[in-house]
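To start, the structure itself, in structure tokens.
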Amino acid sequence: MNIALKRIAAAVALTAAMAGIAATAHAAPTAAIAAEAPDAKIHLTRVTPSYWKVTFASPPLNIVGPAEVRELVKIVDLIESDKQVQVVVFDSNVAGNFMAHYDLLKPLEESTGMKPGPTGMHPVPDLMVRIARLPVISIVSIRGRASGIGSELALAADMRFISREKGVLSQFEVGAGMVPGGGPMPRLTGRGRAMEILVAGEDINGDLAERYGYVNRAIPDAELDGFVDTMARRIASFEHQTVVDIKKLVDVASLPPDAEMQVGWDAFISSVQRPGTQQRLQALVKRGMQTPGDVETNLGRATAEYKAK
Amino acid sequence: MNIALKRIAAAVALTAAMAGIAATAHAAPTAAIAAEAPDAKIHLTRVTPSYWKVTFASPPLNIVGPAEVRELVKIVDLIESDKQVQVVVFDSNVAGNFMAHYDLLKPLEESTGMKPGPTGMHPVPDLMVRIARLPVISIVSIRGRASGIGSELALAADMRFISREKGVLSQFEVGAGMVPGGGPMPRLTGRGRAMEILVAGEDINGDLAERYGYVNRAIPDAELDGFVDTMARRIASFEHQTVVDIKKLVDVASLPPDAEMQVGWDAFISSVQRPGTQQRLQALVKRGMQTPGDVETNLGRATAEYKAK
Amino acid sequence: MNIALKRIAAAVALTAAMAGIAATAHAAPTAAIAAEAPDAKIHLTRVTPSYWKVTFASPPLNIVGPAEVRELVKIVDLIESDKQVQVVVFDSNVAGNFMAHYDLLKPLEESTGMKPGPTGMHPVPDLMVRIARLPVISIVSIRGRASGIGSELALAADMRFISREKGVLSQFEVGAGMVPGGGPMPRLTGRGRAMEILVAGEDINGDLAERYGYVNRAIPDAELDGFVDTMARRIASFEHQTVVDIKKLVDVASLPPDAEMQVGWDAFISSVQRPGTQQRLQALVKRGMQTPGDVETNLGRATAEYKAK
């Protein structure tokens, strides 16, 4: 396979990787499956029986690929089936990156054949919908870059807090020719700001993310962990049924229909297969994408520097 | 009746108090009924024929119970039936409190038997819907604490301004085990911020309330009264039909369906009857809730300090 | 025709002018029609094949009347039929005014008889809907006053940036007795802020416009042109189909139904014909409206100074 074909395979892999997870994903979950696998890239910590933490721990970039999606599916299975958990915090222990983006280099065969999740959708949009609908309050704590699927995971959660100095959000996909699924963005930020975030694809720092409603609040970096921990413990101390019922009421007024996620997914699938997108993805990978360095650190700028042949 | 039972009765009273108002509430209103009753806890002032003011005046906390709900129903009747009124400002003349919360101590018999309002809903959600739909512009001016039903009244109104230094908003209910009705919160603040406000139940100061879209603006305390009065007089000077028509257009695009208020109400009713909620309410009352002091002044903190037996 | 009647005719002209455009508007467009007419009040510049600029250039106030609506219709025709254009920036080259408001003085006969646009609506709401639905990203750059139809054009576009020091937005109509169409306002700013903007009708400066979500961002005046140009070139450099598909996804979640624009239009038509509105319009014109000076510069204040006879 020559380089060009390999690149195309990689991009198709990206597509396929998001489209299915091994059938075992929904077997009866046990704590050991996800949390204690020796090579787990995502750590599950039960801080207390009602307050869990999901930590992305795949240096240097916290790239998410098929294997990480499988881990995340198992963790969501565990959360769904536990009777005590009431709050889940998602964070990262990788300096500089909450979650860079989806894996652009994995070979095709690792991703094809993934089966739909319980919602009937491909595992990635399925995960987003399941996280949004968890009978648990989810809080995302963003330090470092949360791009692409990292931003989408943050949007799927119930609340988002970001390090004012060290957090970056972006939906860089447009710059690589891809249509980001987007999900609930327009309902959070309003039409004009959603359009800007999705169609200009620039890096958004903590301050602007707060002003745009992209996150709940930007918190000074030194206070972020304590702030999120205090809020998580507070919510975890409340009556379980009350917390669940409040979430349901908020859902009625604010949760997009699942069908929108499918529409976004279909648009993504179409976009990634177009020749122009393939060329942009190849150019970005050639310049260093998916390796720590300038392109990953300044993804918003890097995507704007592409010149068509 | 022992203390525990009395407490339970009180909480049921809270439920019932919100569920009906004496059948006389919709008799033909006269100015004297509400505005001039010598023991009125809510004052109605006709600043001009087109600009009225509703002032909560029940020291020390501006607690709202069945009697105050009846007064408010009569005032809303008056507003609905007047041909000239065009703007209504809601404020408080009680230092430190716009409206603390609903009465947690009133005996059962004062509240049971209340009949539904004109919308067919219990009088409290009925009031919220009627205020939202008034053919009049409503402005809430918040100085001091507006918690629980105080926050819900503010959300039902058309606009909210808060003292930057002396205003506090909160939906503390979750900390007492109760599900707040919520109403239009998610549409004002977005899903993430609504979830935080309702499920973390913390005190929100003026600055944060503005950043979250919970209020229109936080205004320096020294300027708040003048700002609201100027805006009220300005709107009152415009063409009546034009003002009404603009409100109708905004309603089409932004008013939640009445049915959502009913769903919220039902969730509240269920929550208040649960044993865990009863225990939390009793513990809070025992620590001083409903009496001026630390618990009322720091309700957000107080609700987090409950330890189950 | 005496002055009073002429004034009434002018106001009716306003109504009618917004209600139809000559049937030729949808003839096959050519670059020459709009962009190169020697007396064009709106300049169309093709900065690059994929990045166009529409500049309002009708000093001293950038008043829009029937002739300007016809020019704008032709420009929108050109944009809709071009295969390469991907971004359109709307700005003004008139100091102090992005677009003051609709023409209040044009004689009746210039405006009557205008035919509906392709959506079946009157040309002004038709233009707003067509701009919102363009398969192109539209960015409005606001320096000076954007009132009435200027604000509505900004709201119809995909993104809005305003000069922090020199930008003013307002829906002044209520102060002249008119119901502004409004459009997507409540979905951008939330119910409370939309109500304030539309029913108080005050001037909104750049800072407040940003805090209210009325615009994407307020940008320091010295940086505004460079900021918008950089963003436009960035978006213009991306894959055409990807940009179009992203806009469609955002539309699903955020674009008001066209029918709302019609409802707003009908309310406007009714309001402008009422005697109180006629009197207010006459009083404003008598005091200097539509001529550079205090009334136009401080329209928010001027509309509040009307005293009924």
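Some observations on this one:
Every chain is named by a letter (A, B and C) in the order it is written, and numbering of its residues begins at 1.
The criterion applied here is as follows: a contact is a pair of C-beta atoms (placed from the backbone, for glycine too) under 8 Å apart; a residue touches a chain by one contact, two chains touch by 3 or more.
The model shown is predicted, which means the values in this text are computed figures rather than measured ones.
Here chain A and chain C face each other with different sets of residues for the most part; under half of the interface numbers are shared between them. Overlaying the C-alpha trace of chain B on that of chain C calls for a turn of 120°, given as a multiple of 5.
Inter-chain centre distance (chain A to chain C, centres taken as mean C-alpha positions): 38 Å. Among the residues of chain B, those touching two or more other chains are numbered 184, 187, 213. Chain B makes touch with chain C in their complex at residues 137, 158-160, 184, 187-189, 210, 213, 215-217, 231, 234-235, 237-239, 241-243, 245-250, 252-255.
Put simply, chain C touches chain B in their complex at residues 174-175, 177-180, 182, 184-187, 190-196, 198-202, 208, 211-213, 256, 260, 263-264, 267, 270-271, 274, 276-277, 280, 304, 306.
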